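Take a look at these structures.
What follows is a pair of complexes built around chain A, which joins chain B in one and chain C in the other.
Let's turn to the complex of A and B:
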């Protein structure tokens, strides 16, 4: 008797609870923006931009764009809902676009707070800066390219897989902003001749102010220094020792690297940080446009290439020091090996690093020369 | 008083209950607590905390060896009179209630943050209580089997965490002992709360099938817990930068957010749903122990009536009042002191008392 009453009570309780799915949402009523863009207009007013795919046979254009002004991202939610048929679900952006103009001012990183604080947001969206204005890119809709979110995400993922740009996710950006031993970096795109293309890697200061840009080849070197270069990247250099027949650069040698080893030695002497970075690469030649007897004289070629790579590394370091940025994360090494000295200067790290003594030396070993002698 | 025939549990079940009630909800923010005190050196404190918990655990087993066929309350009634047993039973009933309530509240808060933000707390509470009731009312054996089952089906979870090592920065762990030993010793405080739950031995001991393995059991259970904590803590430290590890409330969940699969976004959602099983390893055993204490006070064999009253109290109580994150954190801070007294200091003192009283008795009889 008593057990049957218990059972009936339980049954009723469960039925009552299960019927309470009151916050359901049908797919037809949802708009899912895949790109979130943010930019400032000429009057320094904050604008947000979104594009969402449209699933309908009768509509030619496959995406819908929304825009508006708001104080914060979360506040812009009502503005978004007002522009679409369904309720907007800003939960799984693929790409976050930042306008170049925003990066002239501090504090834009705090605007992204909702992405981290609302636990239901994804944090694997790629962060990209647009050299130009965000709306221009969003309304471009070239007929021969896929939808912008797919295009951008695909471009960043594939280019960064051969190390020519970086694929910074929102989560990674958070780390780069908070870790005192590194300054943030993310990929940069631009509209060139009516087409979207990746320019390279944007470097910003700890406060978020745009400092400069690295091209594809420099990004490869950066990723080597970060010990983060995926094998298979390729580099080309012009060797000044070899003859050049203009207009062709016949003194070029290209190679793709297999195994790369980066060793960073940190020390602190005479109130200055000193870094001794050694890079060794095992490479396979993919082209050399000048005649060279690699078979018997590979040592000389190795030295010539090694010299070029070393020069480019040092030029890159000089660039970082001039721009006062630390995308390599040398501060992380300083903290790990010279903790006391780093702790004193951690809030001013980029400035201190620009005074540091950094030397890079690269050693190249040719493992294969291809099927042609 | 009770007969333990047909209510015996195996060594593995014993380990499952202890480890399970230690890990459950405490693992979620342990890496943050440790790093608040000792930065990325926090993992060293875990080893010290483990040594302390071993001492406490061995003391508990040592106490129970004086009276292998009864619970702590039977032991105390035997040595000091029934009033002591009743007093201890009341104290421990309150303590088990505290542990259970903390587990339930934490689970509901986590569920509300990550999964069901608009669902009412008392709805979630009722949903959690229904399966708990149906397990606990069948007694210790079912609780033990449940704990064992959960341990088996959760074995795959650590492997998923290894997946996050793709983004690891091992250099974050250096330098060791960056600020010396003092912060590490402060961080030991944070390891007390996640080790609480050993005290269940006081009641589980007479149920244990082979009592000679009890010492082995507590060592294994504490070591499993410690290794798991160490693993999770180090993963969090190499994944988040040192500045970030203070920042994420539940780093153990936040780590999962970076895992990307083609077929699923927000991988943490199925995970937290699964974690509910692991979380339940605190409140289900504690619910049993609590009702056992009450039944013992009233000299009853069955735990049916106190259990039902407890369930109703919890469900109705949640309708009127439910703690916020801050109050829950306050509860946890108090739990540290209560737990320290009941699980660390009390067993050691009791063991000394028992040893001395036995010593005196022998002195007297030899005279």
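Let's turn to the complex of A and C:
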């Protein structure tokens, strides 16, 4: 028994020796870029940008930036290696930055092919679009902020954890491009006053053309419709029924929702898709700047808030239909419930959806009003 | 008085003569250059016969010889009977020189009487002996503070204190041509399975050497797989552990002159048990068991894991850790494997240095090691901070394991895994883990599976393996020892509602 195990072990070790340790690459010998940036310059020439940390105590600046032009990302590899001491590895990308200018042209998604095809590359990096130019952001290096990859990744993760933006990984982006029932979306950042800021969520068409942007509140609503809103998000509305003392918006009510239920009913009638979306939220009031007897009169406040939320939902849907995008993934519902009808129009889904009949109604229940009257 | 050797079987040359002068001549011929042998001529007052008392100086209790042998023989009057008037506890009649010689060197004194063709072997044993002390390697917080000594009979007595029952049987064997070591196999007759007994006895009888100096030597002769890194028998210096193991249906081997007692058969998981587990509350005992299993894996795998992560798979390191690790690795001139080997060897050096040095000097080793390794090496940029942390963590983990032999095995396994990790990364690590598990499962301890109760699975035995359930729930003895009588206890706790 034991001798047979010895033999098997020997065999395995010998087999392994065939592959030898050629694969070995020590951490300090590798250059591990954490940001992959892509952009077009004014002459529509493709540029790549990388930021890699520098592991040394003697060098003050903690990161090294690389840039160059190439036809494709893989071809840029030799250009990358030429600029650093170590061998460049795509294993630790934290974020992929896309220049806003690139998104004016179809086909940028195909440029990312190597990220997916070479299994060495990570696909958990966040995709972010930069409203502006990528090199500007990369060379910003503000002294009072952490390294760009840590900053961007941290910003996207924390804001998306309270649903105010989306955290789209490269892997998720692949799905969004290939699934015919949904259009891609990812977070958008911009340099404002020398600081990096999250702007919201960028919406692109199936072909990858930039269509528009959602702000923080709209993103929350989008994620509610996606049934993807993490509990604890916060919404604020101004109620026109309540008095306002300028310059303060004292007619504002803010609440955070605990339990959110979204029901989407899909049907196909008269050659049109029809969606009936019902959202019900159990909320806790976090502020209302106007006097209101919530304890005895909560029904009225619930109705007022519900009306506001419904209006905003419908405005959002109208925006989607106008931009001809479907970040909610209503096409997925159509495929599930009305397969035959969807199958005929799937290649032209965004167009069809803009003609669809979508109604949203929201119901709000106040569960807590805070410890003061 | 026992007349336990028949005269017929003894060859003439070996037979003790009735003539005292002839015997004396023989003694002088046999024991040349033996200055520590004392020869004392005396006249027995009772019978008026000439007699000769010989003993080895230092192996005897002088007071006992004076008070209980010489004084009665020379002063007692009484009737002229066949019995001699000594007052020692045990007197044996011997007819052969060979037997007499063995007795003499074991500390008995021999009394030859003129006209009697036998010698009286008087039990006056008493050699230098240390006091009973706390066991050194297996000290315990709540258990007894008595460790075994270098005298086999006393060790058996210490065990008997826990098991005062005639069911505790002892089989005595002599091992070694010159050393003549008494090896006693202890077992509880109605619990222990006799196949282990037979196997143990057979293996011990097979040993044909000069002498067995220590239990460890005996271990090496009777182990199932001497080429394995893992110990397959437990040696303990605790009587309470031994008693507990005997009650679980195992056998104990007491080797005279060795303060360690051997337990067989054992399983891999036995090495994670400690007598304190049973005297602490079961919740903390369970936690400690889990901690030890965790520590085993840490001690064996952590440096290897570190090497493979840093040399192959750094994409799995979280971003912030990557930056810290990279910074600490960046200044180190060696590849991770060399760095790890250097540190591990330093650790082993320190450990060995600490063992043999006397306590006051031992502290210096700690200081030098602490400063040199902890500080200077990192500040000089030779070794990364991360590696120092890994090695320190490994060392602490290995100190948690309660059995020294198992710790030694883990130390070696660690090096093998480090080599595998440096060559193949995680693939090597996984191969190492699989081989390790396969090896443990294939091992035998006295013919029983070493890997039970995990492989082959014995569900009932799992109660006292990685967890320790409350004592009153362990109503059966471990199945792995195949006990003759498996019920350990019945309803030992009053249930509140039946009260």
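Please note the rule applied: the second predicted complex is superposed on the first by the 355 of 373 C-alpha atoms of A that agree within 3 Å, B and C clash if a C-alpha of one lies under 4 Å from a C-alpha of the other, contacts with A are read in each partner's own complex, and residues count from 1 in each chain.
FYI, contacts are C-beta pairs under 8 Å (C-beta built on N, C-alpha and C of every residue); 3 or more make two chains touch, one makes a residue touch a chain.
All of these numbers come straight from a predicted model, not from anything done at the bench.
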Looking at the overlay, does A:32 come into contact with chain B only (first), chain C only (second), both, or neither? second
Give one of first, second, both or neither to describe whether A:92 is in contact with chain B, with chain C, with both, or with none. both
Would you sort A:336 into first (chain B), second (chain C), both or neither based on which partner it touches? first
Between chain B and chain C, whom does A:252 touch in the aligned arrangement: first, second, both, or neither? neither
Name the contact category of A:122: first (chain B only), second (chain C only), both, or neither. both
A:234 in the overlay: touching chain B, chain C, both, or neither? Say first, second, both or neither. neither
Pick out the shared contact residues on chain A: the ones touching chain B in one complex and chain C in the other. 13, 17, 20, 23, 92, 122
For chain B, which residues count as touching chain A in their complex? 113-114, 117-119, 123, 126-127, 130, 167, 169, 171-172, 174-175, 178, 240-244, 247, 257-258, 260, 265-266
In the complex with chain B, residue positions of chain A that touch it: 10, 13-14, 17, 20, 22-23, 92, 119-120, 122-124, 169, 171-172, 174-175, 178-182, 332-333, 335-337, 339
Partner chain C, residues of chain A touching it in the complex: 1-2, 5, 8-9, 12-13, 16-17, 19-21, 23-28, 30, 32, 34, 53-57, 89, 91-92, 94, 122, 147, 149-150, 153
Which bits of chain C are touching chain A when the two form their complex? 225, 228, 310-312, 314-315, 319-320, 322-323, 325-327, 329-332, 335-336, 422-425, 427-428, 431, 435, 438-439, 442-443
